[in-house]
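One chain, subunit A, links the two complexes that follow: it is found with subunit B in the first and with subunit C in the second.
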Partner chain A sequence: MDILNLIRLVLSSGLPCCLLAIGVFLTFRILDFADMTAEGSLLLGGSTCVVMLFNGVPAPIATICGMLVGGACGFITGCLNRLLKIPKLLSGIITMTASASLALLILGFSKTPFRFTSLVTLTDQKTIFSFLPASIFKGWQIPIVTSAIVILMIFVIYFFFGTEYGMAIRATGINERMAKAQGINTTVTTIACTTISNSLIGLAGALICQIEASMNTASATGYLVVGLASILIGETVFGKRSFKNSLISICLGSIVYFTIISLATFVFHMPSELSKILYAVLIVLALCLPMIKEGIMKLWNKIFKKKTVEVK
Partner chain B sequence: MLVLKNIHKEFNTTGNPEDLVVALDDVSLTIEEGEFVTIIGTNGSGKSTTMNIITGAMMPDRGQIFLNGADITHMNEHERARYYGRVFQDPMMGTATEMSVLENLEVAYRKGKVHSPFKWGFSKQEKEYFINELKKFDLGIEEKLNKKVGTMSGGQRQALTLLMATMRNLPSHNRIRKEYVYFAEGDKHKAKEEVETGYKLAKDKYLKAKLAIKNDKSLTSQQRKEQLKQAYETFDSEVRKFDVTKPILLLDEHTAALDPKTAKKVLEITDKIVHESKMTALMITHNMADALKYGNRLIMFAHGKIVLDISGEEKAKMQVNDLYNLFQVQNNIE
Partner chain C sequence: MKKTKLLMLCTLMAPAAIGLVACDNGKTDIGILQYGAFDALDNARKGFIDGLKEGGFGNLKIDYQNAQADAPANATLAKGLAAKNHKLNLAIATPCATAMKAAQEAIGSTTPLLFTATTDPVGAGLLTNKDAPEGYITGTSDLQPSEALDNQIKLVKKMNSGAANLGIYYCANEQNSQAQAELAKAVAASEGLTVTEKTCVDANSIKMDIADLATKVDAIWIPTDNTVANNIGKVKEGLGANKTLVIVGEEGMLSGAHLTISISYYDLGFKTAELACKILKGDAIKDIPVFYPTVDTCSYLYNKANLEASGFSVADLPSEFTWKEAK
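And now, the complex of A and B:
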């Protein structure tokens, strides 16, 4: 496999996951909310988009609808947590559980008459990538369109979290008592943040289903872990000095993650049955990266800066 | 004026009757505007519970809270926040540590306003204002505006929280008119009439002055600008006379976690701010000397009740030893 093709594959799978990772980051880091909805909103966002495309709805509208459905999942999780006082982790799991059935229902609308379905495959329907002619771009239309969307979303998210309301959300996540004492309605900020986060994840789902030209109920499994791994890799390798820095780091982290996986499968021909082991090892590595970094620094100091230690 | 009326609060009400704790036992308290009240009492005597009930972090089991003429017992904590400024005991509690000093101040400056999702959260003017205010503390915080609050010392953080609690983004004219009626004591209709006529008078006067300045051909454009600005300022100050909701400062042992030197400095800053802005303030402290030194009224809590309430002359005469003896008697300490 030539290098250009590999890069194209990495970008095609890595870029949509940037959106997913940013979505997970917004709840996981900014709001301090371990949100398990992610896989549910990804699945429902993707299913909605694929069914709408299958029924001939224009691609941009279908993509936006996927995003909105994802946002609705987040809204429900936020309401469960804030209005019904269900613990954060549990309210995410509840939405995720419900979404498995809802996806069967939504995908069912591709059949006439209606019938519950677990798989929808696009044949020659136009996707959001069909706007760039495939004959000229030769497969590169996917990375081009997705990167444009990712960059747009990074800008939108960056500016939103610099606005008055965005700062209120950040304050809620960091110190809720302080936020309340400063007159912030933390119920609304929490629900707003889970909604925004999950609409990004829904958008990621909509893009993924268009790239793969199919959606089934099992295809969203494991993506939450991908998002978390991207955050961890990005933050340790590229830093988290500021909000802007974090956003970019996470996107790069997601690309790094998919580079490793693509190298393993396409260059070293790892059998796909073993892929889950690789994922697990990668996540352990990502979690240990700060420790490894520290260890290397210590070793470095021991070897090259021994004198300063002796002086002490 | 802040009024607590027969406030009663119990903890562990659902468990074993032996575990039942009466935190506040029918406490009534009236705090007039401009009073600086120091509160002392042992741990568990009900000081912090009182403060939590005032801010709305806790709901009383029985009783009512009035702010001026309005019953605010069931008002949400975040809605009430604009009438209070709060400094916690824990320096970590009052600020968002992962955000920069500037961001913290901007969040605090929006207190009581709508947080717009479309408006950029920073502005140059506000930054200058913050720098000016921070310079008064003389703690060097103004040079660390873009540093995360987590990197600052406890004293700096408490001073920052103090500024966040006391600075005030002035309410709009509409809000002033609304709140004047809401907080009015007695007849609300009369209050409404009063504020509306007052506002109308001021506005008419301002419009007339504006017209006169615009028609005055002898003025240069610079002079005209200045006079227009002046006219607006008089109008503004006349409307602000109806502003009834000056925030009350609530200090919950805010120097307890600091070293003696920093604690003294923060206390001095507090005293200065309270005096300069003539704020109503409540300060919980465990230091008897501080309780006597600062403020013009002293309240002692014991077993969920107010056992001592002195002010003015009586407080000025009180010696630390007398207070200490009284404290021990009230708490049955040998």
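And now, the complex of A and C:
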């Protein structure tokens, strides 16, 4: 496979996952909330978007609706946790579980009369990528449009979390008691953060369903791992010095993740049956990179020092 | 710092190199995307490759990818295969077929795309005219022919002319099974069998339900129900040493049952290869209609060990059909 195709492949898989990873990052790192809703909001965001497109709704509106539905999932998780006092992990799992049935219901609106459906495919409906015709852009329409959306979202998130309210959310994640003492309503900030995070994931779902031109009830399985892996790889390789740095690191992390997967499969011809081992090894490596980094630095210093001694 | 970063990236890339099993720079002609490592799909792939060899295309290079039922992997692999300009792509199972279609359409590629193990290609949006496919996509469906179900029920009387009671067992959550059960009841009525219907809501009760049903009826029929199919071992356990015949909807469920009349995924793959050969010889896609299995293409299969465990023998099988032992 030539390098240009490989880059296009990596970008069109990796860019929608940037949004997903940022979404997971906002709850997982900023709010310190292990949110399992992700696969649910991805599925429902995608399902809503695909059904609306199927019924002839213009692509931008369908995409935004997908995002809103994702946000609604996050809102529910936040409420379960904050208002009903259900533990964080469990409230996410509850929403994720319910989403499997909800997806069947939403996808069912593509059939007249209504019938529970597990797969909806777009045939010649216009998607958000149709604004750039495939015949001219040869697949590059996906990275172009997606990167525009990702960059826009990074700016929005960056500026929002710089406002007073955004700061309040970050304070909630860092030290909830202290935030409370400062007069921050931590219930509202938590719910707001899960909502924002899951709207991003819903948006990722809406983009993925348009790239795949289809959505089925199994289309979201496996994405949470991708999101977490992107965060871990991004943070360890590109750093997490500031909020801005973290956001960019995570996006790059998602690209690196897909680069490795694509290189392994298409350049080194790894049998795809072994891919899950590769994922596992990747995540372990990403997790212990700081340790490896330290070891390398020590080794580096040793060699460096030795050399200086010799020079003397 | 720059150098350590570079080093770290290299460390990350290292596992990619682990996968370096055979670096094949030769030109690959056929891309295969398979959804998961399931028996049925594996058999379809084997059938396809054997069929190609039979059809005179023995020296083709196969670029085979398996998505392992993982959605992101499926999407990425599809995009990769689409970008490689193979002479022909094969998608095994519906999610692969839709992903391949989307990937090819995104880059405006019209490489012929074959699908197999896809029940409803029209409903999945792969094509609209199954008799004369309008685009670059055609293939084979794995829709069980309705006569196969009729014949499954008719086997009960053929095995034991004195049989009077038929048990039908499935999971109540599955609409598909319910629909099949309705069809089966009609056939059973015309055969003069009294039907006892029993359903479960989840896999936990299968063993006890079957044990109970086995004492009441002469034969049990199970449709292609996913819940029961995934727990078919429990059916075998529940049956114990009862001399009750268990007939199932498809090949994959035979490990816990006695008989079935089923489409064979190997044959389906083989048939797909016939379509592939036509394409490779230059036929237009619109002249290659989607293949739907007919009752003549179904195989009559039995599980020898289970038959003997329940006190039947291979000699009891109705001789009017050609029986094959399940692998």
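Keep in mind that, in the parts below, the second predicted complex is superposed on the first by the 305 of 312 C-alpha atoms of A that agree within 3 Å, B and C clash if a C-alpha of one lies under 4 Å from a C-alpha of the other, contacts with A are read in each partner's own complex, and residues count from 1 in each chain.
Here, contacts are C-beta pairs under 8 Å (C-beta built on N, C-alpha and C of every residue); 3 or more make two chains touch, one makes a residue touch a chain.
Fair warning: this is a prediction, and the values are worked out from it, not measured in the lab.
If you put the two complexes together on subunit A, you find that subunit B and subunit C both fit without a clash.
Judged by the touch definition given at the top, the superposed model places A:268 against subunit C, while subunit B stays out of reach.
Of the two partner chains placed by the overlay, only subunit B lies in contact with A:163; subunit C stays clear of it. In the superposition on chain A, A:141 makes contact with subunit C only, while subunit B stays out of contact range.
When the two complexes are overlaid on their common chain A, residue A:256 makes contact with subunit C while staying clear of subunit B. Judged by the touch definition given at the top, the superposed model places A:174 against subunit B, while subunit C stays out of reach. Between subunit B and subunit C, more residues of subunit A are touched by C. In the superposition on chain A, contact is made by A:286 with subunit C only, not with subunit B. Of the two partner chains, subunit B is the only one that A:183 touches; subunit C does not reach it.
Minimum Cα-Cα distance between subunit B and subunit C in the superposed model: 21 Å.
Subunit A residues in contact with subunit B (one complex) as well as with subunit C (other complex) do not exist. Residues 4-5, 7-9, 11-24, 37, 64-73, 75-77, 79-80, 83-84, 94-95, 98-99, 101-102, 105-108, 123-126, 128, 175 of subunit C are the ones that touch subunit A when the two sit in their complex.
Note for the complex: subunit B touches subunit A at residues 55, 57, 76-79, 81-82, 84, 86, 88, 92-99, 103-104, 106-108, 110-112, 115-122, 164.
Residue ranges on subunit A touching subunit B, taken from their complex, read 159-160, 162-168, 170-171, 174-175, 177-186.
On subunit A, the positions that touch subunit C within their shared complex are 1, 5, 8-9, 12-13, 17, 116, 119-123, 129, 134-135, 138-139, 141-142, 208, 211-214, 216, 218-223, 226, 233, 236-237, 256, 258, 260-276, 278, 281-282, 285-286, 289, 292-293, 296-297, 300.
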